[in-house]
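Working notes for the structure below.
Residue numbering begins at 1 within each chain, and the chains themselves are lettered A, B, C and D in the order written.
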């Protein structure tokens, strides 16, 4: 499994039509090109049915958007770690605001991913929940105030205290977990602000996935990461 | 999209290790071989991350194990109809006992599948719930008493009244929906009993997916369907 | 248990501050006064912690806002039929849009309520889901297009086809179930329109529960029911 | 609101027939008698519809078995903090294994309870989840390995490392939160073992609620707490 490094740009494809099926492959290839061009870490998170076709097509890490806990056998319709590994995934988002998890399931999923060497990015909604998530020892936490998701108003510029609060609270108990931020991130200035506030990367979706020129958007983001 | 016909054998791969990743492809190919050998309709339902690789590898219909309602855009981690179509699916199971759905979501998912020309098999737990499901006008209903799932004790032999009750109640209001039965189906005798009771096919999982010789098991099942 | 009759006005107290604790008792007493004054059937649905104190204080039927299926023993935090009976309830709402239920649980809850002689009103969101709900044989179905709930735009005037469609589809399969309508019902004209379209009553909340003069609002509603 | 003190015996009434309706009042009165007799802190957690009648009848603290986050208005069928206060509750259990909560909702519920001066006991399943729960700053955490719940095999005797691990991990980050243990606690020896391992109380259910002589069972438990 390729190593995933910080700082990082994580692109959530959500269920955008522009990022579904073969178009998910094309978008992932744009991400790969910019990652290589700038030497920055970009990871992509396509829909579950697209994981296999995307992971075969690109060399950058492919993350699932969600993973269920539980061991193989039953669980019809669940997305287990074993299947993600077989589909070529390097990791998974967990607890996205559009797919919140029960605390015990979240912990079980982080442990399961750990055993199967999958990277985990746990999404959270505020500093205190971020600390709780960090105490489960995932690979990274991504704080995203839900009210800003999809707005184009970036958390790093509109609510900088969410990022600084999260960084401060997490670092008091855990020095190793990665800290990302999301919600409203759409350009290089947002990335710059996030990194300046102590985040080690960003999780974003619509600004890239819905753009007519995703490579341009990605270059603008990547430039700020390179400056790090 | 290939037409799916009744009577039918539907094989749910659940999350069995023997039916994950490349082994899902191999199992689907066994299903395809037997389907062609006997001229019977067999459909396979692999895990969501395996749908694309399986649908590329076989000509028999590939069903998802679950589908969420909702339209493209948000819904991180959800499995939408649009992505299933792109992954080559012919249809989807809905409301499996390991993945029950809220009534309004189930109806929305059936409507959405209809618009995208996906076949739907709605799983139910008893005759009265089967009627409710049938009234939503899916393509088929599969009644599976949860207490028999995975036991090897077949519903068609242990609880024949569940099948006859379901057939009778559904036919009083809906002449078109397919009626399948599941739970504990493991051999030709179980299939024969099911068909004799008025079912138009079976939904099964472990007997095929966990077998060392799945093709043999499938031939035993297929022979009874051919006799129909 | 007092008999509950159609036509009917059902007042959902939701979690309005004006309808919590002792204020729930006062509001229920207003409902009782108007019910007696006009000789119309009014039922009240206060929050679960308020059921006992309200049922002791009034003679009109008290409904829970939700009930879980399941038998006594485990289920910490669940609201079982047995406890509702002990709290003096005559029945329960089920599957409200703010508390949707899994289809199999909904059926189990209707059966359980039946055994304990509790009246059930199953909320639904459109005509087809209403038919599915009706096929489970609850005491009544209340169709409420979610997009109109709490708007003051009444379903009976804005979307009359939802009511006529529901009445027609349900009556094709079930002559006994009560048919109510909700969403945006706020005055006598809305009630009149609903009854004219074939509904046998209304389910409403904010227009009564948030009013400074709930008795006046109720009288306006009751007058139309009396005219029936 | 009466102050709740540690060490503590918390009695979860679950949905036992012996602890429903008027029998919940009687059981709570037994708890109150023993609490006064021994001068130990006992709290009771009856079902939601019984909260009002129990809190009126006894002076010991009454806890809900579950509370939903969310502010008054919508949320039909939800159990909000405001209604618990009106029903005379001193606090609430949260995240019981039979009623697990989404992480973000759990945090929101703890904050809401804090604002309304309700005590919170968050149930957890292992040491790591206990730390996550403790980082949300509830009043107390109760660790209960789900596989022991209702077995009569006590966590304090069968899995002492769960308690010591929980105490150690929590105290590394939070010196103020109470630490209880549950699962299989049924007699004084179990309580003694729990207290010796560093727990500040126990959460139990069936041993008291299903007993023919609950007061005797409670005395056996209380004696060990007094010795503390």
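Criterion: a residue touches a chain if its C-beta (ideal position, glycine included) is under 8 Å from a C-beta of that chain, and two chains touch if they have at least 3 such contacts.
Every value quoted in this text rests on a predicted model; they were computed, and no experiment measured them.
> Relative to chain D, which chain's C-alpha centre is the most remote?
Chain centre farthest from chain D's centre: B.
> Count the residue numbers both chain A and chain D use at their shared interface, divide by all numbers used there, and answer same if that is over half, different if under half.
same
> Quick check: how many Å separate the C-alpha centres of chain B and chain D?
Distance between chain centres, rounded to whole Å: 44 Å.
> What is the distance in Å between the mean C-alpha positions of chain A and chain D?
Here chain A and chain D have centroids separated by 37 Å.
> Rounded to the nearest whole Å, what is the centre-to-centre distance of chain A and chain B, using the mean of the C-alpha atoms as each centre?
Once rounded, the distance between the two centres reads 34 Å.
> List, in ascending order, every residue of chain B touching at least 2 other chains.
97 - these are the residues of chain B that touch more than one other chain.
> Every touching chain pair, please?
A-B, A-D, B-C, C-D
> Taking the touch rule as given, give the residues of chain C at its contact with chain D in the complex, in rising order.
Residues of chain C touching chain D: 12, 14-17, 20-22, 47-53, 64-66, 70, 72-80, 82-87, 89, 93, 96-99, 150, 205.
> Quick check on the complex: what are the chain C residues that touch chain B?
Going by the criterion above, the answer is residues 95, 97, 100-107, 124-126, 128-129, 131-133, 135-137, 173.
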